[in-house]
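Consider the two complexes below, in which subunit A is the common component and subunit B and subunit C are the respective partners.
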Partner chain A sequence: MTTVEEQLFMTEKEELISGSEAVAIACALADVDVITAYPIRPYDTVMQYVSQLKANGAFDCDFIVAESEHSQFEIVKHASSVGARTFCGSSGVGWFYAFEAIAVTAGLRLPVVAMVGNRALDDPGAFGVEHNDALAVRDLGWMLYWVATAQEALDMALMAWRIAEDPRAFLPMALSCDGSFLTHSQAIVNVPTQEQVNKFLPGYQRGQMQLHPDNPITVAPQVNEDWLMEIRRQSNEAMSRTPGVIKEVYEEFKQVFGRGDPSPFLEEYMTDDDPDIILMGMGTLALPVRVAIRRMREQGKKVGFVRLKFFRPFATEEVQEALSGAKAVAVIDRDYSFGSPSSGGVLFNEVRAALYPLEKRPHVVNFIAGLGGREVRVRDVEEMVETTQKAIDTGKVEQECNWIGVRE
Partner chain B sequence: MTLVRDLPQVRGVKNIPIQEGFTSGHRTCQGCESALTMRLMIKAAGPRTIVVGSTGCMYVANTTYYSTPWVVPWMHTQLGSSGAAATGTAAGLASMMRKGKMKDEPINVIAFCGDGGGVDMGLAGISAALQHEEYNLLILCYDNESYANTDIQVSGSSPWGANSTFSPPGKVHRIMNRRWKKNTAPMLAAGHPSCRYVATACASYGLDFTNKIRRALTIGGPTFIHVIDPCPKGWDYDPKYSHELGMLAVETGLWVQYEIADGELTLSGPSRAIQSGVRARKPVQDYLQRQGRFAHLTEEDLQFFQQRVDESWDDWWLPGVVPFKRPEEE
Partner chain C sequence: MSTVAVEVVYRGIFQKTLARNIVRSIVFAARKEGKYGTAFGRYGDSPERNGIPAKQFAIVADDPEELEENLAVYEAQEVDVTINVDDTMCKGIESWAWYGLQPINALTKTGGTLIVTSRQDADALIEDIHQKDQPYNLSILTSIPSFSGLWVYKDDHTDVRILGALAKVCPQLVSLESMVEAIQDQGWDDLKVRSAERSYDRTTSRPVEPGEGNQEEPFSFDLPGWTTMEEGIIIRGIEQGGGFRGGEEGYQPVRNSVFKKYSTRSMRPIVNFDTCIKCTLCWLQCPDTCFDVTPDGLYDANLESCCGCGVCEAVCPVADCVTMINEAEFNDNDSQYEMWQKDKDSYTQWMTSLIEKQKQVDRTHGFHHVGGYAEEIAEVAED
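Right after this comes the complex of A and B.
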């Protein structure tokens, strides 16, 4: 007779689970070898589920509770160097505590997969979502994906190992999951079978880069000015290859599992009729934005939404194509970048830079909203659209960066 | 639990394996005892070994791109990461071997760190690594008593009063380093019942060191060895005296050589002779006055230094090892 755990992934089924639980199930399905944990809210729920899955025999992994986030990320980095499939994660300042390890993991081209439960960088104390934690690694060679639903968390986690471990990439990947809104909120998720996953996800082969007595290489020697520039260039080229890998993997995922969007990089909502205003944002704020758009459409307003899924690699051409038809773009940042151009958010300045080469550029207006986990309400979105409409009406952007829902 | 490689003890210095795992290509200073430590370490461990080295002299001076001296697989890890690096490497191997993704065979995992990386920054990580009984790993701390690679700065393992670029004797303050050297190996042994082997050693006693490496790797589980490495640049002496200074550190009773295997403490070499009263300790000034880093010490300073060392032998419960006062006899 088979046990409950053995039956777990024998049949495809629907379950009511949170984003964190979905990622934990993906770890089991992907047969991850080494997983490291250290507690910090809200990401740590994923490790609670991982430890339960291991305790109940759903899968076999070395689950190590480290003594700090720095060690947590160093352990998986080294496990990955000997050829083990790895997973770890963190939130907010915990992610920053691991920053040194995070930087070198990308520098060494090790395909670690991590989950970031996006959280404000306290002090002052705050558990809620802000995107500044994950965004801080945007220049280092990590692929960064912003998840919106629990289903997407599971699917993208499975794809993450496949993409990161592709020798054309060999780059780490982080799944950014909005704290609470995704990590703790439950939704119906279709859990695939082990058979389906095995068909899609091969084992990790480190090849000639594997650290092993049969392959006595020296990894990360002192290169200094002699070679560092060439090595940085190689990382840049690896990152430039990732969009191709991502498209390939995404198409195959759709074939095996029968779900997915037209594009792995963007999710477009009500943009078919070239709306005047396109809102753009990342993560779970897609939900209130979609509701607001439906309401405004009922009132005859031509508004659409583009959700950016991969922040790194940034799909420049896709973003240009999706936004070039609009008269104005409203970029919603759940982050800040003090002292940046126009004092705008990180996403805003990236999007604005991506649109600059276009001959006919839309106005770009920035909205900082939902910091520290504050709710982005439907009427907040309506306010953003009103402000953006003014730019269209007057032909100029009065104020480029607007904070939404702040007590003045 | 993964398999452990059975490395027999070496009887006599002539029987130390001839095979080198750390050869030409490194750029360490003349007289660098840490380079000798590395060479003996990998000779003892043999070719089925993965070495991970944290930032420090033995990274920066040792592994120039295209001229690595390491014959065995070698990887850099961050300054404070020797514990995590050893754990991650061992865990990756253990997991894949258990799950049949890799051939199941004994592979030694050694992570080394300097005193800056081990005694200071990486202490918590080493502590955590020593709790994992299921992984076979050895953490080797090569202690040259300063951050020597970054221009000789004082560390938590520098001796009291030592001149360094962060503790230079000045007109107002003669003694800038007022911290007494951390008692690292006993701290780790006492704090980690799951760690079956902790030892101290010195490359001046090469056979003793070789055999300690072998015992650590053969006993299995997480283990720790702390080695003192005289450093001509940091200690300011003629490079030809490295070997002699290593011996003097032991003979003056400043550096005590022992192993703690399954809770049993055994002193070795001159330390053992001192403990049993067969041999008298040499005065510490014989050791201190040979080094430029102590040139500013006054007569009173030398007396103070001697007195602290005397206390460690006369008053400590386990002489030279554990700094608890001996209980009053009833």
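Right after this comes the complex of A and C.
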């Protein structure tokens, strides 16, 4: 007799599910050992699906509902150090409440995988998407991936454990998911079989770093200035090894599951003919941007789109290569960085920095859009392209950062 | 160009205010003479803990630029005067960002002075202080270790007595007159001024010749590089099951060589093996696993591991079995059990004399019994 679990994932099939459910299914397929939870939307929907799978006997894990996000992230941090495959998640201010634990997880080289359902930081209370919550970990040693579809959420979750738990990395990874559109709308998702996943994803082996009575070690003692710089240097080295790991894992994923983009770092859309203007953005923004590009292409405008998937590690060379042929790049930020260079968004300043070493640099124009979940409409994207075209025509960027769809 | 640097080596928290009073007063006094100065702690708050050796510095220079030259390094490479406000630290300290044992006179420059508050004589102190290749001077201020807490200060005049002595041994720093003005400026009373002046009058120093002192090589550690240290902020434990002297030979756990902190000790336990009832409490409760189990089931404190916290004395149910003794009384870390085995009578005699002496010394871990303060003041009063 087969178990419910085996029956559930015996054949590859299509499901109509949300991004949250896709992540929950990935947890079951990856046989995660410890999942922690504290209700906050959209992570609560992951909690529902995980507990449902568990209640149905389809998934066996320690599912711990903590008393706060802080404890939630502390628990997985510790579980990961004893060799448990872990998952947890939160969003917005909940993610921030856990920050003490989040910040040290990377330093301790613990491959925790977390979902952060991008959500505006309260107050004022706002449930809509903004990227600033996830971006807060960008300097701390977390790998940071921006998901655009429910299918991608499932696929990248499976890859996340494989990448994070690679001993060359041993770094945590956050799956950044649009906390409304992606996590709540349902899409057709191809759910792989357990057999496929088992083939792709081996167990987590922490080796000599595992905290265990048979391997007595002290983890995270007090260190002072004489040690800390070496520790940071090690983390930097680990992070610089991740692009190689990601490429390897991505290729293998494509072989086993038969889907994926040419690059794990970027999704390029209509860029083959070296368009004059390339739009760049992350996550679910891709949808209206692609539609707008198709419309503009119909009108004969040469416009393309690059979706940045991994914000960390930032694929500098790939980004340079993808953007260097354009006359102007329009970076769309669903985030803000008050007081930053040119008062621009986070992605804008990163992209601009990545392009700086190039001999022939395109103009870089920034657009702040869709904050707090405000809709980024097709005509907003067209407006961005018009503004960017002006920079090309006049040879000068009049205003580097432009707020789109904001009432005067 | 003339810069004068002074370091105060003190026990964390217990003597923080004392050290701060000294270094601040030095700068105030120097200012009276138109000089520039700065007073700073080598520690941030975090690593400074009860009884852990710590440092504060005062640097005085003729002009701001010269002062800046001396501030461009965290810790002065050499100082004109080292002030040690607890004589047990004459055995060496593990200073901030210094891995291993730093001799108390490590920074004292050639011809400089080491001032120690102590009730031991020079010969006894020099036995503990590591030898130097250059000559320096030793000046002793008869005093008990002035311990208090973070929020209270025991104003027993140790601060001003040190300032008076400092003006005497290092006249190029500041004059006694400026020191007195600085004391008055801080609102301290005339009694404190008198204490400083008396200390100035009475302070003498004794030259210490090159090679004179403790001959031991201070222990040190190698600092690993980022390519050689373990990843994940890990310190490897001792091998499991290894190092036990099993069965009839008793039990002696292997101790992690990375954790060696006996220089933090200001007191150590002495064990009366004749009254021990083998209850195991000291062995169980010791936070540093420092008790070895002897073949006959007694408990022998391993003094390379003991940080002198006094938990064993506190948990021992026998009145006279474990007693904490002033660390200054000892010159080695030898096994008490072996001494007792060799000659029980003389061990008992030695132990009893130490306990008797301890009753008079009344050194504590920093927390005084009611009335202790008055007793100490009376004892060290100079007239």
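Couple of notes before you dig in:
One rule holds in what follows: the second predicted complex is superposed on the first by the 402 of 408 C-alpha atoms of A that agree within 3 Å, B and C clash if a C-alpha of one lies under 4 Å from a C-alpha of the other, contacts with A are read in each partner's own complex, and residues count from 1 in each chain.
Simple rule for what comes next: contacts are C-beta pairs under 8 Å (C-beta built on N, C-alpha and C of every residue); 3 or more make two chains touch, one makes a residue touch a chain.
As the structure is a computational prediction, the values presented were derived from the model and not from experiment.
After superposition on subunit A, the partners subunit B and subunit C collide with one another.
When the two complexes are overlaid on their common chain A, residue A:Cys61 makes contact with subunit B while staying clear of subunit C. Looking at the shared chain after the overlay, A:Met209 reaches subunit C, while subunit B stays out of its contact range. Counting residues of subunit A touched by each partner, subunit B versus subunit C, the larger count belongs to B.
Legend: residue contacts after superposition of the two complexes on their common chain; A:Arg109 is shown touching subunit C, with no touch to subunit B. By the touch criterion defined above, A:Gln48 lies against neither subunit B nor subunit C after alignment on the C-alpha atoms of chain A. Of the two partner chains placed by the overlay, neither subunit B nor subunit C lies in contact with A:Gln320.
In the superposition on chain A, A:Gln222 makes contact with both subunit B and subunit C. Legend: residue contacts after superposition of the two complexes on their common chain; A:Ser342 is shown touching neither subunit B nor subunit C. Shared-chain residue A:Glu100: touches subunit B; no touch with subunit C. When the two complexes are superposed via chain A, 279-287 is the only one of 189-197, 225-233, 279-287 or 333-341 in subunit C with C-alpha atoms clashing against subunit B.
Overlap of the subunit B and subunit C interfaces on subunit A comprises residues 213, 216-223, 226-227.
On the side of subunit C, the complex with subunit A involves touching residues 47, 96-97, 99, 223-226, 229-238, 240.
Against subunit C, the residues of subunit A that register as touching in their complex are 107-110, 170, 208-209, 213-214, 216-227, 229-231, 233-234, 237-238. Residue ranges on subunit A touching subunit B, taken from their complex, read 31, 33-34, 60-62, 64, 66-68, 70-72, 74-84, 86, 100-101, 104, 203, 211-213, 215-223, 226-227.
Interface residues of subunit B facing subunit A in the complex, by the touch rule stated above, are 47-50, 52, 59-60, 63-66, 68, 70-78, 80-81, 83-89, 91-96, 98-99, 101-102, 107, 124-125, 127-128, 132.
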